[in-house]
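Here the structure comes first, spelled out in structure tokens, and everything after it is commentary.
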Amino acid sequence: MPVVRPSGRMPDQLRAVTIERGYTRHAEGSVLVSFGQTRVLCTASVDNKVPPFLRGKGEGWVTAEYGMLPRATHTRSDREASRGKQGGRTLEIQRLIGRALRACVDRNALGERTITLDCDVLQADGGTRTAAITGAYVALVDAVRWMQARKELTRDPIHGAVAAVSVGIYQGVPVLDLDYAEDSGCDTDMNVVMNDGGGFIELQGTAEGHAFRRDELDALLGLAETGIAELLAAQRAALDGPRP
Amino acid sequence: MPVVRPSGRMPDQLRAVTIERGYTRHAEGSVLVSFGQTRVLCTASVDNKVPPFLRGKGEGWVTAEYGMLPRATHTRSDREASRGKQGGRTLEIQRLIGRALRACVDRNALGERTITLDCDVLQADGGTRTAAITGAYVALVDAVRWMQARKELTRDPIHGAVAAVSVGIYQGVPVLDLDYAEDSGCDTDMNVVMNDGGGFIELQGTAEGHAFRRDELDALLGLAETGIAELLAAQRAALDGPRP
Amino acid sequence: MPVVRPSGRMPDQLRAVTIERGYTRHAEGSVLVSFGQTRVLCTASVDNKVPPFLRGKGEGWVTAEYGMLPRATHTRSDREASRGKQGGRTLEIQRLIGRALRACVDRNALGERTITLDCDVLQADGGTRTAAITGAYVALVDAVRWMQARKELTRDPIHGAVAAVSVGIYQGVPVLDLDYAEDSGCDTDMNVVMNDGGGFIELQGTAEGHAFRRDELDALLGLAETGIAELLAAQRAALDGPRP
Amino acid sequence: MPVVRPSGRMPDQLRAVTIERGYTRHAEGSVLVSFGQTRVLCTASVDNKVPPFLRGKGEGWVTAEYGMLPRATHTRSDREASRGKQGGRTLEIQRLIGRALRACVDRNALGERTITLDCDVLQADGGTRTAAITGAYVALVDAVRWMQARKELTRDPIHGAVAAVSVGIYQGVPVLDLDYAEDSGCDTDMNVVMNDGGGFIELQGTAEGHAFRRDELDALLGLAETGIAELLAAQRAALDGPRP
Amino acid sequence: MPVVRPSGRMPDQLRAVTIERGYTRHAEGSVLVSFGQTRVLCTASVDNKVPPFLRGKGEGWVTAEYGMLPRATHTRSDREASRGKQGGRTLEIQRLIGRALRACVDRNALGERTITLDCDVLQADGGTRTAAITGAYVALVDAVRWMQARKELTRDPIHGAVAAVSVGIYQGVPVLDLDYAEDSGCDTDMNVVMNDGGGFIELQGTAEGHAFRRDELDALLGLAETGIAELLAAQRAALDGPRP
Amino acid sequence: MPVVRPSGRMPDQLRAVTIERGYTRHAEGSVLVSFGQTRVLCTASVDNKVPPFLRGKGEGWVTAEYGMLPRATHTRSDREASRGKQGGRTLEIQRLIGRALRACVDRNALGERTITLDCDVLQADGGTRTAAITGAYVALVDAVRWMQARKELTRDPIHGAVAAVSVGIYQGVPVLDLDYAEDSGCDTDMNVVMNDGGGFIELQGTAEGHAFRRDELDALLGLAETGIAELLAAQRAALDGPRP
């Protein structure tokens, strides 16, 4: 007897994914990505400087910052700027986004420039970090195209695409792309970041309740591979048109 | 010979104003307000608690927080959460928004509840604080209606409307609703908050360069009165329909 | 029937104002200013450097910091150094003082120097920010004279005088220079900064309770003009003698 | 042709592991764990309180904090207490340790108590977080035994053992338990936390350079299972004797 | 041949000491103390609460905070409130002042009240901590008298007087009450806190340059005893009159 | 009738002192020092830079940082890194250690280098600061020998030895080297730092309860001289062998 997901989705079904380029106008890349009700604004900002540890090496840097508007969530969370520090969860997520995006960039081709990906969650319904990575990739490509249009680069620094999705075991059944209702009722979940060559860039699986077996892990990885293939296709479709 | 404003507007002409209710779904009130290219997301969150200094007095509280996404601006600004504190400008603006909104609320009718107005700038082009006040008022009314629909209030705590606009002297001519191009090239500007009874709630005029004369002040106040009348009408129009 | 102000003053009467130069000995300018029981120590410090955003431009900078001793007030307030941050009110006031003083300085004539005005409230009884601006102007002039005596300047960077006063509506009557008893029982108050040419540099009017009408605003501005004329005279008188 | 690991170990060979109980005397559990040259002091402290979000629910809490002495590393790192905040890496690791240990604890059996695991790295040579988890488990059991000896518990809150190890691909070959020389020269590494039922509690795999294929992942997981079986045996051996 | 102190004082001569009670009006005790050009404002604030560690024990608390106005010194120092933390020197001094004053208070007689001594340096010329202790004692007595006048105490909580002075070796000669010129040119200095029974409460001697011998220590202690006797007399004289 | 010290020691008897060199391997000097149950890990780190105030002067710097592991004490203390600041006690101690060690170093002979002494308390039982100074001296010498072995110094920058001990009055009797049981039941204690020429470098005596008389002070100083002579001998013995 099949489990009914709260959303009525099939176990291997993503939420509706939209990727809207040029959402704001000042950033070199600006994307509003939605995974169902989760909406994240991802901007890419180019700066002609690198952090101190890279100065003079001819290499660039790609980094990320993550934030959640106080009322992106069901109940209001404190504003981190007002509390005076970013929480552990925020730091963990922004480190993850940064690593994920660096995995598809040739930093020598970028030259001594930094691209900062700001991922700000306007509305949260589970999966904000995977939506952020998936959207930030598109913002990153737009920022690189902006540099290319200004003849600032001699080679393309993007060597592949990156997308991310969550998977988990909900009421005993492996499912793809957890929403908040599933996430909060779920023992095991895993965030998976992959590239378009089918390689894994990050795996972060956590079981606070039920530890997962090797066969469950295999099922989860299979779902993730399916979902990421769809997300990579959505990124390509979004990037095929002209930037608004 | 008339001054040409960078935007081609007439001296007494507002930018296009839009007020979109129900922009996000979790908050009790959620409004995206645009003054031209300036876009601010205003959410109103209801909490059944009051700050310590009000406990046990039967009164409510209305407060505001203000933030700017790092790339809302032409060049990226540091994220305040990452720097570990809110800057003076941020604190000054959020104090202003809070005072402005409290001016139209009967805090006894609200009971021991706090309404927090989060005003987050998604895109900045001058006038973010006046757009924030104008939009936050609508979010506040929606939050009050939400409480009324749940029969939580016996009296209406809203006793009037509040809106805000900037005015300034650009190339010697008093103009209404400065955009970024005018703001940065302007000696004198003033933010004006008024209610729908024609009363002044806040006046904040600053002249770093040319000090303004009494007759200039009078002209600026006249422009502000005109602009605020239009903004109050836009608020009423937005609130007339059903909440999306 | 006339309102009786708590202090017995007439509506257009300032408190006793004293301006004592050379109050401390290390600073290039050091003034103890009193508006009645409000006492603020204003020092001007000259530094042969400018902030990063001005380096190499040949211009100077004038900035202010404001503090309140913990027991300057009726009940002890927390020490901001101990709480680990300056509050919003402090930041707002010090930004105001800085803008006000910059309005009378030719920063090119100052050269690449910074003058910092530290305004520390020894005793508070309402109107600390207006006393601070009025006193800081005198400290600033003393610091400029100190530089002139050392032949460090080729032109006088001071192009006019600046003073400030508060006005408000107390029990329905517009009054000048509010003390604490009036301030805390008052719906509307406004801080006004003007120069000796009769121009307005800052207007900050706030009505948390009763919004003020245009005619009330006009009456308040008239009182402020009167009061500031007296304060400018007191500054001139103080500066006429030799520095102690 | 076989790869030579810098340490001369076989690909599936752990470093020498020692677990010394009772290393310090005040803590309810105190363990010095060594994975080769990596040495971590893990203490377990029992407190008869729980965090606010658990008060009155009858459940306990297990949490962890992680630190690195400034000169645990090849070059001195800043002291986090002196910099005024814990870095993202620290927060990420201490969150991981806390989750890992909670996975083997029945928090209802613990009652309203908190056990805090402090993991302080005295000397670092790669794998500090996996050593910390492995050692903290032993300290946790000692703290529980201490409570049992005082008859404070009616049921055993420990329901299984937890250990952790790193795996990675070094010069194309999957290897177990990376030391610093391997870690810094390695594209892909993964930290694996498992319980003694063979279930996975955490998987954190990262590839900044070369993305790993599914078959590589399978090889890494196999190595991890082997290594963790040995670590679980070492924990049991350590716990078999009397506490010094 | 005698050493000439920069001030022309004899080796065992204090600077001119003045103790002005009632310097500000809101605090329960308020004293401006001068040791020559060093001027410290000491206020004593009474609060009917104690810190958490003392609640419900029937005992009171006496604590101190110390600050230096930014331009109390020859060159301007950063404002600690603006830097966001108190420096080590500040914390060390305020801990010293608190311990010194607690040494003359019967905390049971005080009841569950806290007296906070704020010592703010208006002008610094060496010896600010010893002036602060000497002045804070007088402010403390005034605060106790204020409570006595309101019949809040059944017994006198003050059991003796406390004063402090610095001594040091300047150009090989032991001298009393170092001013800034001596302090900065001096290898060894010691701060001594004593009570009016001739007992030592604190000794803090430091030799960064020349380590001091036992006979030098004896000479310094002798000078300190002399100086403190004079300071205790000055305190008594100040407290003999009515509070202004 | 003789007082019985809780440990059964004679009044002039030190606890067992051990000094273990080469305790960790990365630091240029690394010493585990024990005074009885008090154990402090002292590392010396050499950096080829000096703080800004010394740049370009050809002088070196010696500084210290102090920390206590959260469960070094009977009950767990908060981790300072997690609280976001170092407490006053910590700052006071690390300033003391730095001054003490600088007193035996010729900073010109050191050249533009900084040696940082990290003193981290693994287990506390009273006297952590005196153990830290005594151990840090040995770590400092090892770091200097390391530089000498690399021919980085032309002259020996160490001009004497430094050690420290506490003394106090326990139940009316002056005793040497207080442990925690004595320290917490003791009115008066003093930390004494001396060099091997018999000179005093620091004296810090505190009497929160009973003020001490001159003859008591003399007795305490006598005990300290005795104890420090033994500690200096222990340092010499430790340094005589080869570094492990």
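The chains carry the letters A, B, C, D, E and F, assigned in the order they are written, with residues numbered from 1 in each.
Quick note on the criterion: a contact is a pair of C-beta atoms (placed from the backbone, for glycine too) under 8 Å apart; a residue touches a chain by one contact, two chains touch by 3 or more.
Everything numeric here is computed off the predicted structure, so don't read it as measured data.
A.B. asks: In contact with chain B and with chain D at once: which chains are those? Just list them.
C.D. replies: A
A.B. asks: Where in A-B, B-C or D-F does the E-F interface recur, with over half of the contact pairs identical by residue number?
C.D. replies: Within A-B, B-C or D-F, the interface duplicating E-F belongs to B-C.
A.B. asks: Please work out the Cα centroid separation of chain A and chain C, and write it as a whole number of Å.
C.D. replies: Distance between chain centres, rounded to whole Å: 51 Å.
A.B. asks: Between chain A and chain D, what is the gap in Å from one C-alpha centre to the other?
C.D. replies: Averaging C-alpha atoms per chain gives centres 28 Å apart.
A.B. asks: Which whole number of Å gives the spacing of the CA centres of chain C and chain E?
C.D. replies: Computed from C-alpha means, the inter-chain centre distance equals 33 Å.
A.B. asks: Which chain D residues reach two or more other chains?
C.D. replies: 84-85
A.B. asks: Under that contact definition the chains make a ring. Starting at chain D and heading to chain F next, list them in order.
C.D. replies: D, F, E, C, B, A
A.B. asks: Flag every residue of chain D that touches chain F in the complex, lowest number first.
C.D. replies: Contacts found on chain D: 24-27, 30, 37, 39, 41, 43, 45, 47, 65, 67, 69-76, 79-82, 84-86, 90, 116, 118, 120, 122-124.
A.B. asks: Going by the contact rule at the top, pick out the chain A residues touching chain D in the complex.
C.D. replies: By the definition above, chain A touches chain D via 85, 87-89, 91-92, 94-95, 99, 102-103, 190, 194-195, 197-214, 217, 221.
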